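Take a look at these structures.
After this come two complexes, each holding chain A, first together with chain B and then together with chain C.
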Partner chain A sequence: MTRRSLRSLPSLVFLTLAALASVFPLYFMVVSATNTSQDVLGSRLLPGGQLVDNLNKLLAAQDLGAAMWNSTLNAVGTTVLALLVCSIAGYGFEVFHSRNKDRLMGVLLLAMMIPFAATMIPLFRMFADFGLTSTTIAVILPAISVPFVILLFRQAARSFPHEIVEAARIDGLRELGIFLRIFIPTMRSTYAAAAVVIFMTAWNNFLWPKVILINEAFQTMPMLISNLTSGYVTDYGVLMLAVLLTSLPTMVLFLVLQRAFAQGITGAIK
Partner chain B sequence: MSTQVTPVVSPDRHRDERPPSGRGFGSLGGRRSLTGWIFLLPAALLILVMNFWPMFQAFILSLQTGRGAQLSFAEPLWFNYERLLADQTFWMTLRTTLLYLVIQVPIMLAVALVLANILNNPRLRFKGMWRTAIFLPCAVSLVSYALVFRTMFATDGLVNDVLTGINLIDAPINWLGQTHTAQFVIIIGLLWRWTGYNMVFYLAGLQNIDHSTVEAAKVDGANAAKTFWYVTLPQLKPMILLTAIMSTNGTIQLFDESYNLTAGGPAYTSMSVSHYLYEVSFVQNPNFGYAAAISYVILVIVALLAAIQLKVGDKRD
Partner chain C sequence: MRKKMTLASVAGVATITLALAACGGGDGSTGGDGGGGGEGDGSLTVWAWDPAFNVYAMNEAATIYQQDNPDVTVEVIETPWEDIQTKLTTLAQTGELEELPDIFLMQNNAFQKNLINYPELFTDITDSGIDFAEFPESVVAFSTTEGANYGVPFDNGAAVTALRTDVLAEAGYTIEDFTDITWDEFIANGEDILAQTGKPLLSGVAGESDLITMILQSTGGSLFDADGNPTISDNDALLQAIDVYTRLVESGLFVEVNSWDEYIGTFVNSNVAGTINGIWILGSIQTAEDQTGLWNITNLPSLEGVGEATNYSANGGSSWVVSSNADAELAEDFLGATFAGSTEFYDTILPSSGAIANWIPASESEVYAEPHPFFADQPVFQLAVEFGAQVPSVNTGAYYYEGRDAVSAAITNILNGADPADALAEAQATVEFAMQ
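Take a look at the complex of A and B:
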């Protein structure tokens, strides 16, 4: 070993420990999904043959299909609407830039500092007044316009060549047409980044769906797994399988689009 | 709008020199400015109705008492806030939340910084693998990881098996059944879930650092630690400030872990203040007025801490 690599040995050890610690609980989750409850508590760390058994028990106890469908509907709905609303706003802030619009952006950014706790009860009452508890629209609506995502698109629009906008205007394209037919296709990577972040946030959201989705038929996956522990005896194998199923979509998304995700969470600040 | 003549915008697109498109372009610019406002309208309206309006409503609500929909203004108006001052459980959950904050956030940000710095080393091999591994916890929901940790820290679970196996403890620890160990497990969970997330921000920040400054420090004979402390760290300051504010904001609003990992127990001692708010709002005897008062205290704390951090962050220039 050279002196150089020797000196970085502590770094490498630290890195290895951090990586193992990060991955291990997820490994434990995956393995435990295939084991019996006793094996999970008995710290069996090898895959077992209980996967199908656990799945059958889970299906008998909970309406897994409904929860999966509800989560998918909520997350996809939120993603599509949030992308539309936030990207057109971010584009508008940058391309039609004016001092008053900057002021408005400043005010909207303040909304990022409002804790959800402080708006949750009035939001609940508002949706209840309109008879909208246990509806998809009530889950989605508060999550559509996110200042952070607007900022991300404003930042992206900044690198969108103004000459393109000018040329398109000369060609007689309407402003909305420029946005739809030129901006969106050009900014695909920004859309991907924002989509990953919005989808994962929406899929994982727990508190608001729990508050507003009173009817159990509308429960989402995070609500379902949370309910699994409310009985007297928890079947840990079944629980870990349900947790795995809840995590699978976001984990796959993460592993495939990790760069986009990283860009999505950091892209608004540059 | 489709019949436009050549626009009179200078081709020089330097942002600060670009004239606001709403001014000085006659009717064309005015119309275009209107289009711009229409583009902003849905987003702005939604934020108004879904964020600012409920925030205002919560304040009105915090001055009211009553059950369910039967609410009327309290006598005196600040009745709920008075009640808050005497509510031992509220203060306990607030103290617990602040404890999570002051222990977890500094450790997490320091570890994230160190990891980012190691990963930024050009000589490190398998960078993508390390990065993915450490970033991976962000892929699972808070409820999911809370339940995984709950399983691992069960009294007859994995962690106790390992600790007794290597003779570190004689008898299994009832992790989730005792105040301090339950709080400890929540802090460990938070560290696990969010360190990689913050590391990604530092990695992004490190990429924007002028590498010649680091080289210059090395030429001048500074060792790695000194270079990091005196050259790299100051340039990362805006990023550190941002992550500090985000983490503070997030920790004050902690709910999923408190609810799913420890269920606030034992006897409310590991419960976060947001979890207590949920209990007051929707569990035993729902009291929206009182809950709104609690939520306003959370709001004020978030605002205060952000203001303090911005102030401190500014001073260290």
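Take a look at the complex of A and C:
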């Protein structure tokens, strides 16, 4: 072993330990999904043979399929619309010039500071007046304009060469065309980063869907997990399986878009 | 240029509208019909939270009611208690009461708070024909204000001491040595068992006041007087209850853990030899199948020389509420014929769910007297109803949760060395501040 690699040994050990510590909760979740409730309470760290049993219990207790479908519909709907709205806004803020746009951006950023609990009741009243309680639209609408994502797109659009816009205009492309045919393809990695953030937030969203979706048929995955812990007796094996199933889609999405995500956060155009 | 921008934004809005319309497809028909209460069409919508327990009980009640009323349908929407509370608060504050179901279940501890803050959620069922004298007075008190009844008590929250007989036997004790005793005797026995077997008797979540409020209620004391004013400072029963708790913790008899799940783990994994809680804790105890036949239950130790000094108390429990949006006549008749009037119903739900009645006539049934194999053939259900009927009645008031939180904070300070009287005076001030 060379001296150099010896010197880096402590940091390697430290990093390995840190990596293990951060992966451990994930491991425990996966292992627990295959164990009985009593084993989970006893912190058993080896996989067990209860996976099928837990799945059967989960299916018997809750409408898993419906919850998965509802969560997917809400999250995909929110992601598509939020990407569209926020990227148009971010692009507009950067490409078009108006005296008040910085003031407007300020207001948007201020909106980021207001906790959701403060706006929940007026929001509920609005949607109840529209007759939209227990609808998918009611879950999606408040989530499609995300100040953080608008900011992300604005920052990304800053590095988008203005000359391209000018050239496209001279070539006769309309504004919408520039946005759809030039901006979107160039900013692919920013879109990927924003998609991960929005999808994750929408998928994990709990409070608002719980309040507005009164009808049980609209139950989402986080609501299903909450139901599993509401009784006097909790089956922790079943609970861990439900948590695992709920985490899978966001994990898969992140793994698929991982590289683009990192690029999108650090800057889209090289 | 400006024209182009307008065009672009119009196109954008049009896209979104189209997309939204697509997303909402098929939802329109159900829009606004979530609560579903009060339609007067022979259907009842119910919010309850435990599929193995109260949701199951409600569905069974529906089956029994349908024998005489075949046209009535009951739809139970599974909603965790915290979410029911969030929804009730939202609906009351926005005035959207038509979203309420016909019937919902409410934790007894939270009943007075909701009743006082949001009376518009409730229907007065005093004259519904339900005989409230058939329920323990201490339980009916939760859902009563100014002589009017707003709830039908459901599950029993009677407090029990559950102990591992094998551990007791190892140290030469039986369950009788823990029946009708005082806290001093409990601590003496417990220390002996701890010394001989190495097993503490109790556990609980650190910084929670469940055990202290159970001890307090066993003396007939509360954190509030009859007018709802806090009586946390200058409360002898509370001081003594805290003294018992401190002694339990300091002698190692009571293991403090950090979460509810860890608490369940302590007895399921045999780290402690017992627990004191509402009778509903038996469900969690029974998840440890390898401990079948090794448990017994008995009443609580009493706090000698204070107040009524009984061996009975309660923790938890819940009651059904007829909402202000209900088909009130149908809902009252339904609850009166099942939860407040059918031994057949309670006999049906008991064996499979362990849902123990507050309705006193139910305990006379043979099903309640049956020996329970997990608890070494004790008739635990009958005992629970007997215990429940002897619990002293106390006033919880609108700020019960705030009171409990303040006392919990005080306990943590006292265990860290603060003077009990000073810590409680601070708790009193905290609650008074919250009430302003």
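Structural remarks
Assume the second predicted complex is superposed on the first by the 233 of 270 C-alpha atoms of A that agree within 3 Å, B and C clash if a C-alpha of one lies under 4 Å from a C-alpha of the other, contacts with A are read in each partner's own complex, and residues count from 1 in each chain.
Quick note on the criterion: a residue touches a chain if its C-beta (ideal position, glycine included) is under 8 Å from a C-beta of that chain, and two chains touch if they have at least 3 such contacts.
For clarity, every value in this text was computed on a predicted model and none was experimentally measured.
After superposition onto chain A, partners chain B and chain C are found to clash with each other. Shared-chain residue A:T136: touches chain C; no touch with chain B. Put chain B and chain C next to each other and count what each touches on chain A; the higher total goes to B. When the two structures are aligned on the shared chain, A:S226 is found in touch with chain B and with chain C. When the two complexes are overlaid on their common chain A, residue A:S145 makes contact with chain B while staying clear of chain C. Shared-chain residue A:L207: touches chain B and chain C both. In the superposed pair of complexes, A:M113 makes contact with chain B only, with no contact to chain C. In the superposition on chain A, A:P47 contacts neither chain B nor chain C. Residue contacts after overlaying the shared chain place A:G77 against chain C, while chain B stays out of touching range. The clash between chain C and chain B in the overlaid arrangement falls on one stretch of those listed (81-89, 153-161, 243-251 or 297-305), that is 81-89.
In the superposition on chain A, chain A positions 41-42, 85, 88, 96, 120-121, 124-125, 141, 144, 174-176, 179, 207, 211, 226, 229, 236 are in contact with chain B in one complex as well as with chain C in the other.
Within the complex formed with chain C, the chain A residues making contact are 37-38, 41-42, 61, 73, 77, 80-81, 84-85, 88, 96, 120-121, 124-125, 128, 131-137, 140-141, 144, 174-176, 179, 207, 210-211, 213-217, 223, 226-227, 229-236. Those residues of chain A lying in contact with chain B across their complex are 4, 7-8, 11, 14-15, 18-19, 21-23, 25-26, 28-29, 32, 40-43, 85-86, 88-89, 91-93, 95-101, 104, 108, 111, 113-126, 141-142, 144-145, 147, 150, 158, 161-163, 166, 169-170, 172-176, 179, 200, 203-204, 206-207, 211, 222, 225-226, 228-229, 236, 239-240, 243, 246-247, 250-251, 253-255, 258, 261-262, 265-266, 269-270.
Every residue of chain B that touches chain A in the complex is listed here, in rising order: 1-4, 6-7, 9, 11, 13, 15, 18, 20-23, 32-33, 35-40, 42-44, 46-47, 50-55, 57-58, 61, 111, 114-115, 118-119, 121, 123-124, 130, 132-145, 147-152, 154, 156-158, 161-162, 192, 195-197, 200-201, 203-204, 208, 224, 239, 242, 249, 252-253, 255-256, 259-260, 274, 277-278, 281-282, 288, 291-292, 294-296, 298-299, 302-303, 306.
Of all the residues in chain C, the ones that touch chain A in their complex are 4-5, 7-8, 11-12, 15-16, 19-20, 23-24, 27-28, 30-36, 49-53, 77-83, 86-87, 90, 93-96, 99, 261, 264-265, 268-269, 280-281, 283-284, 287-289.
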